[in-house]
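I have a structure I would like to understand better, so I am pasting it below and will then ask my questions one at a time.
First chain written, first letter: the chains are A, B, C and D, and each begins at residue 1.
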C-alpha cells in the first residue's frame, strides 16, 4: 500500500477477522454473479447484468468495515460484494434482477439499481458521479442534527466516472465541509471499452486528492489484505474528523462491461499482468496459507454460498411480477399535489 | 513566482517591451471601467457593471502575449485589460454596455457578454466554467484540420468557478487530448461574497494541476512582471506541445462583485495585505523605476486613455438602440427550419 | 407596514427556520451576505448553522439537498438565478424527481428559482424554466404571482414531501407590495380567479398576471369584462378552475412569459381543448415570449415578452373570433 | 439486402465522414468499440482521426462540439443514452442554442440521442427528451420513425447550420428494416402522411408511429380508416400538414411516448386548437406515457407507454365523441 498521506490515525485492524469476514462476502458475491450471469445467458433476465468480478476484494474490504444502521454506503454497479457485506440480503439482488414485486425497487427499477436509503444505502441512479453528493448530503444532515457521532459515508465509483463534473463538485464540496466521506475509486482500467488513457492524463488518480485538500491512499485492489488496511486507514481518519478520504484501488475488470460484452478490447498482456490477478483466488490462497481458514472451510463457505444463491434465485423466480393494473402510479408522495389528468 | 513545474521551455521574454505594452492596456482598462462605473452610478446603464480593478496585470499579461488572428482568447467578466490587449476595440465595450445596435452583440447581450468567435474570442455565456471546453473544441478543430501550428487557446476563470463540474471536465478533457490550452485562474479571494475557504479546501489552487497531469504555475497577480513571466512560461510550454497549463494568479478584487456591491465583506486587513496592492500603481512605479517609461510617458498614456474612453462612450451613447420592429427575430440560421408559428 | 414579494419570501424562510429545526437553506452568497437578491437577509445571523454558503456547484448542491432530505431534513436550495439550475438539472430531474417513486422514500426539497425577465438581464439571467421541470414526473412546480402567495406557497413548498420547484419572479421582487402577510391562504394546488369577468378568460401565472390585469383594466374601459385565472401551481394544474372559468366566458387566452414551443401555455390549451372543447365559443389562443433567447436591451426585451399591450391585442383578437 | 434503422444511422455517418472532412464523431466508446449500440461500427478503422472516444464528460463533450463548430467543423456527438444528455443540458440549451442568435456565428452541431423505451431499460435508459430541447429557441429537434428517415434526416442534421437534437429510437434500432437506403427524401422539416384515412388523424412520431399503424390496421377491420401523420421534426412543427389532415378527418389524436405534462402532444394540440379549431368535429385528444418515471419491469413498462392497444382505445373513444 503506497500511502501518500503522512500519518495514519487508524485503530489497528484485526486482519484475520476482517479478512475472513470479507472473504465470505466475496465468495457470496462471486457465486451470485456467476449464477445471475448464467441466468442472463439463458435469456431469463430482461435488461443488463453487471458484475464485479475481480473487484470483490476492494468492494468487500470497504463495506466490511462499515456498520449498518450507523454508516452510509453507496455502492455502484460492481459492488455486489460490498452490498452483501453491508447487509443487503441476496434475495433482494435476486428479486431486483428477476423483477419480483417484492424487491426493494418493486420492479420499478432493476438489476444494480437497488438500495434502501432509509437504511443508509442510497439507490444509485445511472448518471455516473451523481451519488457522491447525495452521500455528502446525508452526512451533512446528520451533522446538522448532531447525530453524526463518528459515523462515515462511503461512496463507490469507477475510474471513468472521475471524469464527470459531478464527482468533482461532490468531492470539493465534501472537502469544504470536511465531511466524513470515503470515496472508493475502483480503477479497473476501463470505462466500458475506454482505457484510462482516454479518461485522464494524470499519473495516478490518487493525485486528485491534493487538489481537494483531502487525503488519498492507493491500494492493490487484487490484494484483500491491502484493501482492508487501506480502507481501515481511510475510515479511521474520516471517523476522527479528518475529512474526506480518497481510496484508489488498482485492479482489472475480469468481465465485460456487462454480460453482453465480451471485453475483447482488454489485451492478453493486461489480463496476464499483475492487475489481472483474481482477487478471490489470491485471497483464498492467503487464507489457507495464513491458516485463517482451511481448504475445507473455504469449500464449506462456497457450498453454502451456492445454496444461498440457488435458493434466492429460485424464490425470486417464483414470486409475482408487479401488476400494472393494481400498481400505484403516482410519482408524488403528496396526494393533494397529484395531477387530475386522466390516465391513458 | 513559485513554479511548481520542473522546467521552463519558454523563449525568454523581452520584459521591458512586454511590460510597456501590457501597462498601456491596463491603463486603458482601468480608465474605461472607472468611467463605465460612473455612467452606471449616474443610472445610465441597464443591467450590471463588472470591473477588473486589481486584476488588470494578470489579465493583460496573458493577452499581450497572444496573437490575434492566430490564438484564441476567452475572457471572463474581469478581463477588460486582456480584451483590449487582444485587440477588442474600446468602442465595442462601450456599445455593448450602452446597448448600441452596432455593438458586436447588437443589443442582444450586454456588458461583459461580448465577443467575436470568428476572430478567436468566444462570447462568454454566464454559466461559469462553460467556456473552457469551448476553447478546447476550437483547438481540437484546428488540430484536426492541421491548422493548429503553434497557436494556443487561453481561457480565463475565477477562483469560485473552479468549483464547477464544467471546469473539471474541460481541464480533464484538454489534458487527455493534450491541447495547447492555458487556463488562467484569477484567484481574487472571493466569488461574489464567498471567500475561498467556502469554495475549496486545498492549500493552493495550483495543486489541481497534478490531478489532471498538467503543469501549474503560481504568479503574484499584483506584480505585472511576475504575471508576464509566468504566462510566458505557460504559453511557451503550451505552444511547444506540452499540453494544458494552469496559471493561478493571487490577487484581490479591488471592487465589488459588480458596481451594485460595496464589498463590505472584504476585511480591512485583507485590503491592507500584500494581496490588496493595486497592480496598476505597482506597475507604474516599476515602469518609472526601471526607466521603461517616464512619469511624463505615463501621464500621456493616461490622458490618451481618457480621451479614447470618453470618445467611445460619447459615440456609443449617440448610437441607435436596436429596433424591435425591424429586428431579425430568428434564433435559427437555417431558414427552412424556422417555425411557422405566428409571432405574438 | 408594506411588504414586498421579496420580503415575503424572506419571511417565509425565517418562519420555516424558526418553526422547524429540519429546515436549512443552502445557496451561493446566502449566508452573511444575505443572497444576491437579499432573500435571506438576516437569516444567517439568527441561524448560522442552517443558512449556509455553497460553492458554485449546482449539481452537488442539489445532490446534497437530496441526501439531506433522505435523512429527514427539509432543505431549501437557492439558485442564484433560475438559469443556473441547468447545471443542477440532472440531479433535479433524475435524482430528486424519481426518488420517491423508485425507493418509496420521499424527497422534500425546495429549489428556489429566481426567475423571469427584468430589463437588462439578458439571455442568462431572465429565464422561466417552469415548463422544463413540470415535464418530469415527481416534481411540483409553483409560480406565485402575489406577495401573499409568495409567502404562503413557499411555506407549503417547504412542508411538502416532494421536490418543489419554486419559481419566484424577479420582476415582482420589489415591484409588488402588500399590506401584510396572510394568516390563511388558498391551498397551493388551487388556481385562483384573480379577477372575474364574462367576456373572456385569461389564464396565466407569475409576473404575467399583472400584465394581464393591466390589459383587463384597459379593456374594461371598452366595456369588456375579462376574467383572469392565476394558475399559481403549474404542475399539477388545477384544470377544474380553468374549465369553470372558460365555461362562463367561452373564450380562453393563455399567457406565459416562457418560450413559445410547448410549456405551460401549450399544456393548458391542450387540456382546455381536450376536456372543455364544448365550452369554447372561439379557438383558444396563446401568447408567449418570442422564440429567441431573451434579449439584453430593454427595447428588445419589452418586445420579446408579452406585455399588457400585447395581451390586450390578443384578447381583442380573441373577442372578435 | 435489408437495412436496419441502426445501420441507416451508421451509414449516414459513414457517408458524412466520407464526403466532408469537417465531420467528426465524438462520444463514449464510439471508437474501436463502435459504440454501445454499434452505431459507429467500423468507422474508427476508416477515419481514426475523426471518430474519437470521449471521457464521461457530457458537459465538456458538448462544449467541445460548440468550439469545433465555431471553427467550421460539423461535429456529431453521440450520447450513450439520451438520458445522459441531462449532464450536457446547460451546454446544449445555453451555449449551443443561443450561439447563432447572440454572435451571428452558426453552431452546426448534431447531438445524437439514443432515445425511448425498450423492455427492462428502466428510468434512466429509456427517456424521450425531445420536448425539453424543443422548448428552447435555436434548436432543431428531429425524431425519425423510419429507416429511410433515420438515414436522410441524420444527413440533413449534419449539414444543417444549427444545433440539431437527433432523437433516434432504440426500440427501432433492430426492429425496423428497409430494403435500401433512399436516394431522395422528403425534407426533414416536413411532416409525412404515413397512412391516409378519413375518420380520424393520429399525429405522432418516432416509435409511436408503428404502434399507431398497428392500431390503425386493427381498426381497419372494423371499417375505420385512420390517417397517420408522422411529424418527423418536432421543432419546427409542420403544422400545415397536420392541419391539412385534420381538415380531412375532423378528429385528432396526438400520441407521444414522453411524459404527459407538456411536450410535443400538448404543443400539437394547442396548435390544432388555436389554428384549426373549426376543422374539429370532436375534442382533440392526447395520449402519452404515464406521469411516473419509466419502469424497469416489462409488465409495468408496457402499461406505462402508449401501445397499439391503448392507441386503439383512444381512437375508438375519439370516434365516438
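Going forward, contacts are C-beta pairs under 8 Å (C-beta built on N, C-alpha and C of every residue); 3 or more make two chains touch, one makes a residue touch a chain.
Predicted model, so just to flag it, every value in this text is computed and none were measured.
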item: Other chains in touch with both chain A and chain C; value: B, D
item: Farthest chain relative to chain C (centres taken as mean CA coordinates); value: A
item: Chain B and chain C: spacing of chain centres that average the CA atoms, whole Å; value: 36
item: Rounded Å distance between chain C and chain D, as computed from the means of their C-alpha atoms; value: 30
item: Centre-to-centre distance between chain B and chain A (centres being mean Cα positions), rounded to whole Å; value: 43
item: Chain B: positions in contact with at least two other chains; value: 105, 108-109, 113, 125-127, 163-166, 169, 172-173, 176, 198-200, 330-331, 339, 341
item: Of all residues in chain D, the ones touching two or more other chains; value: 54-55, 57, 59-60, 83, 86-87, 90, 94, 97-98, 101-102, 123-124, 137-138, 235, 261, 290-293
item: Chain contact topology (line, ring, star, complete or other); value: complete
item: Residues of chain C defined as touching chain A within the complex; value: 21-22, 24, 49-50, 54-55, 57, 59-73, 75, 90-91, 94-95, 97-106, 137-138, 140, 160-162, 187-189, 233, 235-237, 239-240, 271
item: In the complex, chain D residues that touch chain A; value: 28-29, 32-33, 36, 53-57, 59-60, 81, 83-84, 86-87, 119-125, 260-261, 287-293, 295-300, 302-304, 306, 310, 314
item: Interfacial residue positions of chain D with respect to chain C in the complex; value: 83, 86-87, 89-90, 93-94, 97-98, 101-102, 123-124, 131-132, 134-138, 235, 258-259, 261-267, 269-270, 272-275, 277-278, 280, 282-286, 290-293
item: Contact set on chain A toward chain B in their complex; value: 163-169, 172-173, 175-176, 178, 197-203, 207-214, 243
item: Chain A to chain C touching residues, read off their complex; value: 104-106, 108-109, 113, 115-118, 122-123, 125-127, 130-142, 144-145, 165-166, 169-170, 172-173, 176, 330-334, 336-341
